[in-house]
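First the structure, in the form of structure tokens, and then the observations on it.
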Amino acid sequence: MNRVRLQALFDDAPLARRAVARLVEAGVPPAAIELRSATPQPSLPGAGGRSWIPLAALVGGCLGALAGVSIASLTALDRPLVTGGMPIVAPFPVGIIAYEATALGAILATVARAVYEAGLRPRRTPVGPLDAQLAAGGVLVEVVTADPALGRSCLGDARRLALVPEERPGS
Amino acid sequence: MTRWAMAIDLDRCTGCEACVVACHAENNIRLVGPEEAARGRAIHWLRIERYYEGEYPDVRVRFVPVLCQHCGAAPCEPVCPVYATYHTDEGLNAMVYNRCVGTRYCANNCPYSVRFFNWHAAPWPDPLQRQLNPDVAARPAGVMEKCTFCVQRIQRARQQAADEGRELRDGEVQPACAESCPTRAIVFGDLDDPDSRVARLSRSGRARRLLEELGTHPAVFYLARGARESSGEP
Amino acid sequence: MNPEDERLLLAPVERGSRGLRLGLVASALAAGVLCACWGYQIAHDLGVAGINRPVFWGVYITNFVFWIGISHAGTLISAILRLTGAEWRRPVTRCAEAITVFALAVGGLFPLIHLGRPWLFYWLLPLPNARGLWPNFRSPLLWDVTAIGTYFLGSSLYLFLPAIPDLAALRDRATGWRRRVYTWCALGWRGTPRQWHALENGIRVMAVLILPVAVSVHTIVSWDFAMSLQPMWHSTIFGPYFVAGAIYSGIAILVAVMAALRRGLGLGRYISETVFDNLGLLFLTMALVWAYFTFAEHLTVWYGNEPAEMAVFWERVSGRYAPAFWTMVVLNFAVPMLVLPFRRGRRPGPASLVAVGVLLGMWLERFLIIIPSLANPRLAYTVGRYVPSGVEWGITFGAFGLFVFLYHLFLRCVPAVSLWEMRAGAAAESDTSLAPEPAREGVR
Amino acid sequence: MRRRRFLQNSAAAAAAAMLHACARDEVAFIEQAVARSPHGPGESVWRGSVCQQCPAGCGVRVRLVDGDAKKLEGHPAHPVNRGGLCALGQAAVQELYHPDRLRGPWRLSRGQPSGAEPLDWEVALEELAQRLARAARSSPQGVWIGCGSVSWPAQYLWRRLAAALGLPPPVRLRSVEWEVEREAARRLFGLEDWPYFDLERADLVLSFGAPYLERWRSPVHYARALAEQRQEPRSRRGRSIHVEARLSATAAAVDRWIPVRPGGEGWLARAIARELLALGRASERAAAHYRRWFPGPDPPPESLATRCGVPQEAIAELARELAESERPLVLAGGPMAAQRHGLFHVAAALALNVLLGNLGREGGVLRPRRFDLERNLPPAPPLATLAAGLQRLRGQAPQAIVICDADPVHMLPPASGVEQALHGASFVAVMAQFLDDTALLADLCLPLHAPLERFDIVEPEAALHTAAIGVGAPLVEPLGATRHPGDIALALARALEVGEALAWPSVGALVEQVLQDLHRRTAPGGTGDFWSFYEDVLDRGGLWEERPALDGLEAAAPREPIPEPKLDRDASREPSLLLAFETHVRTAEGRGLHLPWIQQLPDLLSTVMWDSWIEMARADARRIGVRTGDRVRVSVEGQAAFEAFVVESPAAAPGVLALPLGGGQRDYGRWARERGVNPLRWLGAGEVEGVGLPAWGPVRARVEAAGPGRAALFGRGLRAPEDRPLRR
């Protein structure tokens, strides 16, 4: 029996939240529900929670610093050429290199972590009829279910409602 | 341990510039031609700087032969990103042509302006190339060059001494400039050997060094004009 | 924010315009000049440039410092504004960050252009190699390489991260190959609360991280000079001096670019007078800071009265370079002081004119810092002269072309004003939603 | 041993094969030289030779690698240069490999580029022989031979050839001032030679115009002497004072420079003499001599002071210093000698030595010592003096002119009439290494060996108190089909059937014979193996007495008085005075300027490279609105003359313009062609009184701005930063 994808566009976050509540009561597994918006909606479920990005930045920074110090000093020791009467491993330059490397490490770690936490990876995403209107504001609630009636029963107060037959992989 | 150094007696120097041509002949220094020379691209590893003091009719002129000072703490060395210039353990400020990528930073950081850049490749119209010194590399375009204290002569002398199984003698190594000098104003030798002529001259009361206050520890000593005092001078 | 705003902001990307196409072609030609001149120089050796002995560095390094300075517009400013949560930042950030990335790209070319043997540039990178030799990290040039590398990477990511939602929006509207490209770029962005959360956190942390890098970059550029013994280079305040100058010129180009976008793409509604008014105040402040540093620098030299330095000093203020020097003072100080304090002076028209003047002035400042010092070395016998050659001017001009070209490409690919941030801004104004409830478990 | 056999063989071979003898024998010699060297390929071989860049005759050591000459060094033991070698000498090796050297005989058409065609030596020599024969037949006086070569064999063989053909003796081609100095020496000291000035042992050296640290006589020798005079063993540092209108490199290097009014040198000398006589420093006899040389009444001190432009008290002080010093020495010469009153200037100055009584004394003026090379050779009349030669040239236009290794067109002012004569003559043959201004006017151009390619003996032209000769042997293969000028003379002798008068198969053989003679005379009792002596001489590149000797020198009994200039009111309306000067590398001969090393050598004071320049006072420059590096147009005595770069000098006297000698060659190779200005072309100034040579010297001139230029200056800075005037 084929499943359908229900899309409901709500004007604001509270309405959307209530709709989600109804769906869950109606026994829809939370995993089947997805919320989307064109602007950050801090009040939506899932928007809170703690983020490990700062920690990642810290770790990345430390690794970067380590890399910086080692590359600046080990390469010098590898070819111990004295120049300008300076020590072979000169503290100031090593410090400067380490400083930049720290920043680099932290930046890379931050981006990587952010992408990971957002679960982003290059892929196609199915787009329903209502996605385009999301830009004008509001919150989109999407349910993948076997029973189209859910739409009317739980998502009645949506501004717009749409129903798309779910294309099966392989069919 | 050897530390090569030079002493130039300004009381003997008459500014005849024989040393300049000798340097060209020894080190395969390229001809740049009038146009390039007018653009400030002439290359003279060794130059006689002249400074006027006073105005006509009572004018004095000072000559200072200026070449690479082979500084003990050379400002040109640390700024080279590719180690094209570095310090040998004999105190020479060595220049490795084929490491150079031509940032010209060393030249900017040399307070003595004794570093030169090869803005173009060197032309040697035939048969002029037959004069080229086989012991000295010709420089490609895009690299720095400067006085080497005639390192090739140092090598040759050391080789010969080794062949004869003995130490280098004082005065055995003579850079082209010193050897050509009509007045014997230029003395070259090992500063670490307290009895070498150059060492004794460096202790003379007339001895000065160029821009010493910058802390570059130049290896070239200039003996001021005027009567020598007996102390120590050979 | 309604659909026709949307359409207007996306128009350059989706439909383009005659003006844009023309600009693209023109700037491409200008960039061509750079390629042609550089090619000629590589073929005929660096001798075709006007640099000589003792002026070993000329307009190439001037351009390098200038463009790296320019790059401080975007990232630095947008980061500061984001962290301070200034609302008027919303229309500014994107086009500012873009300036950074492209200015860095252009500026980064010049160290290569000025190399005697540019094909060996990779010898400056710490790569394992046959010569068994690593680069010398004691050289400020290596500090440049690391700092600018970091800054370029960082600010590119800092431009990309906030652009993801807009790329997704473009993906959803595009078709054909463009859709495929955007799909890849948008990293499958869907706009779920969790994604928004991660994105905003990421941006905030990045803003914190990029600031010290930006500051360090131009400090290190200044150290290329300050580390040397050249008269009037060996100065302790060069770091902050250069950073101030960089931000100053950065704001100048930001003002100029935004005025251009405003007229060219008709974005007046978003890049509003208030934006210019605020930027103008920042601009004025930096003018004062720059003037303060310049004064301090010259005062200390003059009062110290050290012969070698005085030679350079007089060369600048009353010698061969006096015309350039006083032009710089007028453009960078007098004019801004006369115009920017007044609200009407901070309007797009006058402000952008002042900005163009300041850009020229700052270029001159870089020139005046580099050339007179080199032309008057400590041993006065070797006094030098420097007249840039046609090739050098060609490359200088071409660099501007290249920048404009890259910026045009950018306008054709990403909306110049961040859609979602504008939306968020609009939403924030008209936000009447109730206090958020605790989020439900397990909702993705 | 192998050496001897080789030489005998080669000599025999040479004798047998007439014309190419020399060439073959030389090649053989080189092969031998290389074969004999213990070093393999790529190794350096050092051989002795003699420098011929100027008449000083320095001994050199040549570094050879694989048959190519790489570097020249001074010979440490040679009395002339004692190990030093000047810029020009260093550059000789570049001349050897100059791409524009003449590598074969040419038929030229008097400067027209068209019609120049290469010839075989046979043809060339044949033609030259016929022309000479014909001219000699019509009138021996109609053949004019000029010789500027410093090679003794060249001079001797050409003198000998001229004699054999019944032609007048060849003319010594030297620049005017050399001849004037010689005339002064003849009149004061009765020398047919240049006196030697024992500078090293003098404690006060007063020089009038003589640029003895630049190019005068032997700059290397005198520079070294000055250095020693200042320092080596002596306890008290010697003093040196230089009198000249312009601050020359010599003036800059000595302890004190006394600027005089151009043309005032002689009067300063007279003023000093006056003081010395007053101080009673001079002996009766000396005073008497002086009175006969300068019979005219002494002008009053103040007038003398104004004539030389030196304040009276300065003169008095100078005289006192001279009078008080133990071993004073006065030198004179240089461009000053070529002025109209050059003889007066030089003589008046040199006469001071007589008054100071330092003739023939340590640190004084000495009689030069020479090996008499020709004692046991077939006699040949000496070279005619330049004055006599020019006399003859002006007398009747010669039919045939032969010039050997000199560029009279360039080094003599137009008034000498050489150029017209060359144009007028029906046949001109020039022996030269390069296509110089004289060769350009030739019908026949015969290319010469470079010194390192040939056997040679060079006598220092201005001899020392130590007899010395330099001996050169062919050390490198000739670059082209070139010859030794002496070998050309020998070939001509054979072709003209006077071979028995010049019976040497080659110059090499002549050199060998002379050395044999010298061996007999110098080696104790003529003992010792000649061949080892010969080899030793060739290896050292010469033969010289080990220690100097003091040969007495007396003041010559004055015959006629020295002509004094009469005070002529300067009628000219031109604002400034233009004079020419020598530098280390720029002489009237203009030799060396065809070498890039020399062209690119920054002038010591102006730092100009690659061109001529006009030196002037800053104020004058400002007045006409030019600054260093700009171009100016110079007009001499009212007519437009030339353009040159301006160089402001803090040492230039207001109203005095100075222009370096040399330069302005029409060809002379790619690096000299049309470069700079030849002052002699413009500075002609009547005749040197009492010598009969065309004078050149200060002329009235005017300069005006001719637009900005880009002079090639190596150092633009004039003063050390700490000397910068304070700005207020």
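Here the chain labels run A, B, C and D in written order, and each chain numbers its own residues starting at 1.
Everything below uses one rule, namely that a residue touches a chain if its C-beta (ideal position, glycine included) is under 8 Å from a C-beta of that chain, and two chains touch if they have at least 3 such contacts.
The model shown is predicted, which means the values in this text are computed figures rather than measured ones.
Novice: Enumerate, in label order, the chains that touch chain A and chain B alike.
Specialist: Chains in contact with chain A as well as chain B: C.
Novice: For the pairs C-D and B-D, output the one whose chains share more C-beta pairs in contact.
Specialist: B-D
Novice: Among the chains, which one keeps its Cα centre farthest from the Cα centre of chain B?
Specialist: So the farthest one, by centre of C-alpha atoms, is A.
Novice: Nearest whole angstrom, what separates the Cα centre of chain C from the Cα centre of chain D?
Specialist: One centre to the other, that is 66 Å.
Novice: Find the geometric centre of each of chain A and chain D from their Cα atoms only, then give the gap between the two centres in Å, rounded to an integer.
Specialist: 91
Novice: Quick check: how many Å separate the C-alpha centres of chain B and chain D?
Specialist: 31
Novice: Compute the distance, rounded to whole Å, between the mean C-alpha positions of chain A and chain C.
Specialist: Distance between chain centres: 29 Å.
Novice: Do you know which chain A residues sit against two or more other chains?
Specialist: 79, 81, 83-84, 86, 90
Novice: Give the residues of chain B touching no fewer than two other chains, as numbers and ranges.
Specialist: Chain B, residues with two or more chain partners: 39, 47, 49-51, 75, 78-80, 83.
Novice: Could you list which residues of chain D touch at least two other chains?
Specialist: Each of 715, 717-720 in chain D touches at least two other chains.
Novice: All pairs of touching chains?
Specialist: A-B, A-C, B-C, B-D, C-D
Novice: Across the complex, what residues on chain C touch chain B?
Specialist: Result: residues 44-47, 50, 52-57, 111, 114-117, 120-121, 123-124, 131, 133, 135-136, 138-142, 145, 224, 227-230, 374, 377-382, 384-385 of chain C touch chain B.
Novice: List the residues on chain B that touch chain D in their complex, please.
Specialist: Those in contact with chain D are residues 9, 11-18, 20-22, 24-26, 31-34, 37-39, 42, 44, 47-57, 59, 61-63, 125-134, 176, 179-185, 226-228.
Novice: Quick check: in the complex, which residue numbers of chain D touch chain B?
Specialist: By the definition above, chain D touches chain B via 42, 65, 68-74, 81, 83-87, 89-91, 93-94, 96-99, 213-214, 219-220, 223-224, 226-227, 230-231, 236-237, 247, 249-250, 252-253, 257, 259, 479, 584-585, 596-602, 604-605, 607, 609-611, 617, 649-654, 675, 710-712, 714-715, 717-720, 723.
Novice: Across the complex, what residues on chain A touch chain B?
Specialist: 79, 81-86, 90
Novice: Once bound in the complex, which stretches of chain C touch chain D?
Specialist: By the definition above, chain C touches chain D via 307-308, 310-311, 314, 318, 378-385.
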